[in-house]
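The same chain A turns up in both complexes below, where it pairs with chain B and then with chain C.
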Partner chain A sequence: MKFRSKMTDVGCLNHFTRVVNTIAKLNKTCILRLTPDNLYFVLSGKVANGGVSMWCELLQVNFFDEYQIEGVSPDANEICLEVAPDNLSRALKTAQTAKSVKIKLTKKHCPCLTIAAELPSLSSVSRVVTHDIPVEVIPRRLWHDFKEPTMPDFDVSIYLPPLKTMKNVVDRMKNLSNYLVIEANLSGEMNLKIETDLVSVTTHFKDLGNPPWGDDASQSKSQSRDLEAMAYTRVDIRKLQQFLAGQQVNPSKAMCNIVHKRIVHLILLHEDVSLQYFIPAVA
Partner chain B sequence: MPLSTQSQQEDQQYVLVATLDNVRNLSNILKAITFKDHAIFNATQNGLKVTVEDSKCLQANAFIQADIFQEFVIKEDSVGFQVNLTVLLDCLTIFGGSTVPGVTTALRMCYSGYGFPLTLFLEEGGVVTVCKINTQEPEEPIDFDFCSTNVTNKVILQSDSLREAFSELDMTSEILQITMSPSEPFFRLSTFGNSGNAHYDYPKDSDMMELFQCTKTQTNRYKMSLLKPSTKALALSCKVSVRTDSRGFLSLQYLVRNDDGQICFVEYYCSPDEEVNDE
Partner chain C sequence: MDYVATGGNVKVLAKAIHSLSRIGDELYFEHQDDGLALRTVNSSRSAFASFFLSPLFFQRFHTCPGHTFRCKMPVKSVQSVFKSLSSLEKTVEKCRIEWKPERSQLTFTLHCKHGLLKTHNLSFQDCESLQAVFDKEGCPNVLRAQPRLLVDTVLNFPPSLEEVTVSVSGDRMWLKNHVEDKTDQFKAMMTELCLSSEEFDHFSVSLQTSITFCLKELRGLLVFAESTGLPISVFFDDPGRPVVLSVSDSVLEANFVLATLSEDAHQNNNNNSKRASPPTPADDFMCDDMDSYLIAMETSEIAGASSQKEPQPSSSHGPPMPNHRVFLDSVMEEQQQERDEEEDLERPPNKKFRSLFFGSVSPTPSQVANQTTHSQDVLASDSEDEG
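And now, the complex of A and B:
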């Protein structure tokens, strides 16, 4: 098992850091899956983290100048690691001005991701800051937990409003309630609702547009649906807030799929990065 | 439900309808009196008065005159109700209360009468939020019986000068002592804290002093914990009038200028801290 990579472009480094920071805001630990073409940050819907799951996909060629991987075996050319994204984010913070950053898998007292940042200096001798981040190697028999989630057979798919606006609204609603109902229809309308003994609040977004999914997803449910009919899901408001507060990617497209009373599936797309986030319904 | 489709007939069921182009003109002034959850609202033809009280010793009133609102329609002589102020403020700032110029939240506030919720329609950038806040039986605010004829001493100061003093007050002191006098030290704030005593004196001919009308030397003590909330109003205001009456009650009146340059008033009444005599 071998992994070594190198990043020299400052833009790529910043972008990668923002992605890692976003992941770090969402959960304490996650799985980093490395394949010859992609990096994935994965969170599988365990009860311990409130049933939330995440799938973040990065194309390695868009970030790294050098990228070498030798997986566990030739027929399974992958590496699967458990890592605390916060450690990764902290290590990258010191590397913001670096001329180059190397990330490799090393064996110290335990398996580590070693991040070596070469920092600019006035003298001819360059300074290198090295972070060893302990990781746990996930054995192959557990990999099936970290496969790409299938697109749920959603009732409604809709583009999200500007995330800043949505964040402001959800932040205030969180002060008032623990649960939030998110509902949307196929006419580009989405509502966020809370209701408590003291107050009921509904924010109406309209003209959001519904993404055309075409034939690539067998969205049987949404094909024959009344355009005005709302599909809704009640979720833990903190999960939604975490997602909105953490996100630093500035997506070019943000979408939300709702499976009625089951799940909210949020998708952020930004050029080469895609982030999917699943929030399960609460009764 | 966009604001424009709120049909006229629906308006007829309301006893109170008030609209604002900029919700900050209301939310800011309410923030100045937020120290307890319960706020008593009383609307008349003149405008809206919001009262918050603590321990029967402190009362804060915010006055928002009818002409601050773009529309202010009231069908009865007086409309009163009580709501949770923290909840109301969260609703009013649902879009984040942005201070970016050009981005404002419009508000339409409606009340149908006794037993009905207070309904807020807020709009920013085409997004509409509807809030229904449950109302409670309004309590009768305490009458502090603070009469301008009984005022012994009065000064009007630029808020800047008092802000500076209040930000440096020794908060380890349980009380704030205010001395007002026609002779030295004229206007003095004193604290008695862990690290010693401190006095802040304002000469009567200071530039900061707009008006000085003291007839009698008076020294009164007020609980610091009660006066603390008034710093929120001080922070917003441009002028403050400090008055005491013959019983030692304190009245602080703050003149607050809103985003549109209009003037509103916030007023705090505080009862003096009575010395308990063991004898």
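And now, the complex of A and C:
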């Protein structure tokens, strides 16, 4: 099992750092799955994580100048690690001015992801900083927990308003309630609602548009649906807030799929990164 | 006693107080004929910091000749006088400090723009002279760097990190985080940074060594050094001996004396002692052989003998720099040689007693004698501190 990669482009480094920062905001630990073509940050919907799950996919060629991997075995050319994304984020933060950054799997006092950054210095010799981030190697028999989630058979799919606006609204609602109802219909309308004994607040968004899924998914439910009918799900407001807080750049596409009273599925598409986030319904 | 500082020196004074506040709870004022000393020590007495301001630092330095005074007060209350550094810089024109023994008060008067006067009357307590015992000149290793270098270096470590291990060889310095508990090593991110000697203004290492000390105090001094742009000198010796961080210019001198972990503690907690010379990340970065660190983890063995723990021959110190020898008397020179010989042998199982603490609070002759029993060579007190 071997992994080694190198990044030299500042833009790529910044971009990668932003992705990692986003992930770090979502959970303390996550799974990093490495394959010859992609990197995935995965959170499986365990109760310990509050039932949320996440799937973030990066094309390695868009970030790395060098990328070598030798997986567990030839028929399973992958590596699956549990890592604290906060450590990754902190390590990358110190590498922002680096001439090059290497990320590799090493064995020190324990298995580590080693991030070595070559920093500019006052002399002819570069300053080198290395961060050894302890990781846990996930054995192959547990991999099935970290497969790409299937698209839920949603009732409504809708484009999200600017995430910053949404964040402002949700941050304020958070002060009033622990739960938020997110509802939308097929006519491009979405509402964020909270209800408590003292107050009810609803923020209405209009003309958001509904993504055409076409034959892409077997969305039997949404085909025969009344365009005005709202599908809604009540979620833990902190989970939504965490998700919105982590977003540092507006993605090229942001969508939300709602399975009535079951789950909210958020999808962010950047040019070379996609992030999916699932928030389960609470009663 | 009556002191007046003006202009930029008010800010320097304020920064000095802020630096000291990061270390101890009480601020010791001591007036001497050749200047004003501000000192503090932390609660565990493992760190001591002092600023010495010469009469030229002040616009007025009025004293009754032959009269000394000393007092202490909570550093927090002095800090509150200089609370906001940014507004201080803009508004305060001069700062006057008066000693009022009859009321047991120090009065700080800030003369601000538009004739505004802010007066703080701070009660003080009498105290003994606070003094750490250290000798910078006797240290075999002296480094001097611009504050920016150290600030950039420290930034690579997490703010929560308490202790850092500094190792030096003839042409390099390594810093890495020190993790007390073995089990924590499996959770904590380990950071290591290598600096070439070329980045330092002065780099003389005659003793390859590795010391561990608290980052907090270093950060405290860095705040001061960065704002004044003064280079920082680091003087150190074997593990267990204090490390002295020093900043000076023509009108002021700051010395931060920090205890370092003794060799034994070092060995127990951290297998990387000075003989287990630090790994060489620089080389490893340059000539990258994939197989050298990519290891089959499926067949995972216990992490035991990694290459960095292998002892390396250590007989490679250069000759001690002559300019340090100047300060050593002949007896010490012998000791130095003895020590050098020791270095060349296999590691002695148990070295001399190393205290985590060092002398402070008006060392009486007997205390000084006590101190010297075990580490004879470096215990001349610093010249500025004669009370």
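Please note the rule applied: the second predicted complex is superposed on the first by the 281 of 283 C-alpha atoms of A that agree within 3 Å, B and C clash if a C-alpha of one lies under 4 Å from a C-alpha of the other, contacts with A are read in each partner's own complex, and residues count from 1 in each chain.
In this text, a residue touches a chain if its C-beta (ideal position, glycine included) is under 8 Å from a C-beta of that chain, and two chains touch if they have at least 3 such contacts.
Note that the coordinates shown come from a computational prediction; the quantities given were computed from them, not determined experimentally.
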Ask   = A:38 contacts which: chain B (first), chain C (second), both, neither?
value = neither
Request  = Mind working out whether A:124 is in touch with chain B, chain C, both or neither, as first, second, both or neither?
outcome  = second
Message = Under the stated touch criterion, which partner chain does A:178 make contact with: chain B (first), chain C (second), both, or neither?
response = neither
Query = Thinking of the overlay built on chain A, is A:29 touched by chain B (first), by chain C (second), by both, or by neither?
reply = neither
Ask   = Between chain B (first) and chain C (second), which does A:96 come into contact with in this model arrangement: first, second, both, or neither?
value = neither
Query = Should A:62 be classified as contacting the first partner (chain B), the second (chain C), both, or neither?
reply = neither
Contacts of A:87 with chain B and chain C, given as first, second, both or neither = second
Task = Decide which partner touches more residues of chain A, taking chain B and chain C as the two options.
result = C
Task = Could you please specify the touching residues of chain A with respect to chain B in the complex?
result = 161, 164-165, 168-169, 171-173, 175-176, 197-207
Query = Which residues, counting only chain A, touch chain C once they are in their complex?
reply = 1-4, 68, 70, 72, 84, 87, 90-91, 94, 102, 104-112, 114, 116, 118, 121-134, 137
Key: Residues of chain B defined as touching chain A within the complex   = 1-2, 84, 86-87, 90-91, 93-96, 117, 124-134
Complex contact set, residues of chain C against chain A = 149, 155-156, 158, 185-196, 198-199, 281-282, 284-285, 288, 290-291, 293-298, 300, 303, 306
